[in-house]
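A quick write-up on the structure given underneath.
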Amino acid sequence: MFAFIVRRLLQASMVMLVVAFIAFSLFQYVGDPVLSMLGQDATSEQRAQLRADLGLNEPFYVQFAHFVGNAVQGEFGVSYRQGRKVSELLAERFPATLELAVCAALIALITGIPMGVYTALKRGGFLSQLFMGISLLGVSLPVFLVGIFFILFFAVLLGWLPSYGRGEVVQWGRFSTGLITVDGLKHIVLPAITLALFQLALIMRMVRAEMLEVQRTDYIKFARARGLSERLVNFSYALKNTLVPVITIVGLQLGSLIAFAIVTETVFQWPGMGLLFIQSVQTADVPIMAAYLVMISFVFVSINLVVDMLYVMVDPRLRVDPSGAGRH
Amino acid sequence: MPSIQNYNSDQYGEAPLLELRHLQVEFPTRKGLLRALDDVSFSIMRGETLGVVGESGAGKSLTGAAIIGLLEPPGRIAGGEIWLEGRRIDSHSPEAMRKLRGKEIAAIFQDPLTSLNPLFTVGRQLTDTIQTHLSLTYSQSRQRAVELLARTGIPAPELRIDHYPHQFSGGMRQRVVIALALAAEPKLIIADEPTTALDVSIQAQIIRLLKQVSRDLGTSIMLITHDMGVIAETADRVAVMYAGRVAEIGAVDAMIHRPKHPYTKGLMASIPSIRAHRDRLAQIEGAMPRLDVIPKGCAFNPRCAARFSRCLIERPELQDAGESRAACWALSQ
Amino acid sequence: MLKQWLDGPVLYSFSQSRLAQFAAVVALLMICGALFAPWLAPLNPFDLASLDLNDSLLPPAWAAQGQGKYVLGTDDQGRDVLSTILYGSRISLLVGFSSVLLAMFLGVGLGLLSGFLGGRLDAIIMRIADVQLSFPAILIALLIDGVARVVFADQGHGDQMAILVLIGSISLANWVSYARTVRGSTLVEKNKEYVQAARVIGVPAIAIMIKHVLPNVMGPVLVIATINIATAIITEATLSFLGVGVPPTTPSLGTMINNGNNFLYSGEWWLVVFPGLALVLLCMSVNLLGDWLRDALNPKLQ
């Protein structure tokens, strides 16, 4: 068990190093950072000075080592376009993205799982077909389209909800939240639902599929043969067997929330890290791109680690031998 | 235990525990209506072990499923009656059926590994069953669960009650399964191939356990298997099924040594014996017909050496053949 | 073989499913519309000479100020929305299909190699696959696209490169499922007697892989591909919407929607709704077809 954890940590570190390397290599391609920062009018002495300061004269591996060292401390240099420290920019935008992602995740889980269970147990019913229809939409529509249609309908046509930005925000030290103001809440509704829709559909379909398969197993058949009540069989036994494999995938899906947050933030002009990243790609602002790359990889790798741990905790068969991932 | 030979419900004073009368089970399929069980009738007495044998697809498991009300849709009972202790149960509501399962009739299946829920302790699965049918407190249920485990031969039951299924070996798991079946003191256990998935050495233990349970608790057992050896060891009577019908039924000794139906004769002859020396293994030519192409008349007629004209036209009923009852026209000649 | 397929469960299931038939019809219509755009489109949105700025921002023909010539209205440059949708679908479909083909080629190839040759190659490829799988495809496409843009930024060829880079990044994001499936099947087939017999005779590994193993693994690959087409189209649309997909001179449905987004408030809703609907129809029909195909080819459900 311990060996398992150590091995996974090592794997994770390897991945992070590779990512850091890719991120670092970006800097080699972008033309002259000195030029971008000082502009055309700088003298050659100023440029040489800046080169030395930035450590651009050092050999590759030394620069890489510096990069990694800094990255670990959260230090990614200065944005080419905005002239501010990348770490500051990221810290500023982080709460917005976190809020959005967490709300969307909660919505997706709290609605997706029950809907999945319902459609598995009551196949063919009207409500089930409705849910399946919604899930089809959620899975086949691009996130940005959903967002735009929501804006069109709820903001432009009906005027019930605002269509962009974060609204009123309360600052707590370095953290800001819009959730405690009514205005902030109004602003987060549409983006959160947009972001949640895809996940919701996916979770629902997965839970449904798992539940249907579990219903066909021998142990559920045996449970019924023993005369256990439907409630016990479905909601005590079958549900637990269903959720165990679903947990891992859900965990990974939550990671993709962060990816789709990029799109949602763009559609709703939500001031988060995703929007920052898109802008950096459009303007080839490499420090931000590199930082985002490293950070997002870190988030994903961590999520994967946590999910693996969770799996071991929940499935008793794995406590003996974690590398043998069981089914049902 | 008196040897019950030709049992006929109006001959003897004692009423049967379970009685199947002309049971029919059908499956609507893309190609039409398939009749999986066609006019199956037999009874099981209290405390008796009835073996039900036949090839794969003969309808043995389906009979068990129909009795306990767990036929998989779209299969359904299309005719006939099932009587338990003088009450008709095939027309019970789902809720009434549920109360019956586990309490009056229990079922155990072939693979003990997949029969137990891997995410719940053995104790939990036991206490849930006990508490569903008996009104006991949790600690009483737990006590009873430990007793059940002890009765089915599991060592250190107070310890193992909190173990998960994967922590038991194959034979132990089947014992747990049997314990679960006994939890609410059923009168009949339908055992569907209980030893097939086990090692040969473990098979003997489980068979012994089943016999012991039947003796000690007076439980009837419907033992479904294709293994004649198990039947010889355990059953009081045997029913041989073929293509959804009963070919022959009688006391185990008579059936094994003096079978009357050509199919039963073929079955018994094809069992290799360690002692007897034979150059070739005997086998019955041909194969059991698929359910959608059952021949007219007697289902066995294409493979039967003793067939004649009547066999091709009229389907034989079970009739008295001395020590057993067999569905064969050749016997009444 | 064709007769066997025609008799088989796939076609039967198709004939039973109204939804699949409907989806197939819609998908076919859209593909034809896109393919024959130059002939079907009433106007050519790329012909700068034919654009008349006076005709810009006209609503659809049935609205008050619409003109019959522009059935679905015009955008801010005077381009006919219907024509642009037809041409735009072309680009979307082009990118979608190409990236799926490329991903399939890459993934199946790597899967075959990995499964057949085993050893370190297998370990490396699978390790990369595992890591990549922990990231969502769209993120990978976005990252590769972003990085590639930076790398190729100085090197001119702007537009052509952009589309190639786009196709490349979407394929690179999606090869993994093909590779894993094919590898699994290859491992199974590898131990079968006909493969061992071929090896004994001395048939070269590549020939074995292509002639024997490949036909047996194509079933699941096709299912993955169909589902993949929908995701590829969505990915392209999303990237274009974000401004990092196709270049603005060859608009796809995604870029149209991005553009139209700016006019939502001023009331020119048709700039978003019609391309949006086109995209929805396209995605849903391909998705439904993929779903049906997956169910039809699933041996467990037969």
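Which chain is which? They are A, B and C, in the order written, and residues in each are numbered from 1.
In this text, a contact is a pair of C-beta atoms (placed from the backbone, for glycine too) under 8 Å apart; a residue touches a chain by one contact, two chains touch by 3 or more.
All figures in this text were calculated on a predicted structure; none of them were measured in a lab.
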item	value
Joint neighbours of chain C and chain B, given as chain labels	A
Best-connected chain pair, where connection means C-beta pairs in contact	A-C
Between chain B and chain A, distance of the C-alpha-averaged centres to the nearest whole Å	54
Distance from chain C to chain A - Cα centre to Cα centre, in angstrom	24
In chain B, residues with contacts to at least two other chains	none
Chain A, residues touching no fewer than two other chains	none
Where chain C touches two or more other chains, by residue	none
Interface residues, chain A side, partner chain B - complex	217-230, 232, 236-237, 240-241, 244, 315-317, 326, 328
Chain A residues within the chain C interface of the complex	15, 22, 26, 29-31, 136-137, 139-145, 148-149, 151-152, 156, 163, 252, 255-256, 258-260, 262-263, 266-267, 278, 281-282, 284, 286, 289, 293, 296-297, 300-301, 303-304
Complex contacts: residues of chain C adjacent to chain A	131, 134-136, 138-139, 142-143, 145-147, 149-151, 153-154, 230, 234, 237-238, 241-244, 254, 257, 261, 264-265, 269, 272-273, 276, 279-280, 283-284, 287-288
In the complex with chain A, residue positions of chain B that touch it	68, 70, 98-103, 106-109, 111, 114-120, 125, 128-129, 132-133, 164, 166, 177, 180-181, 183-184
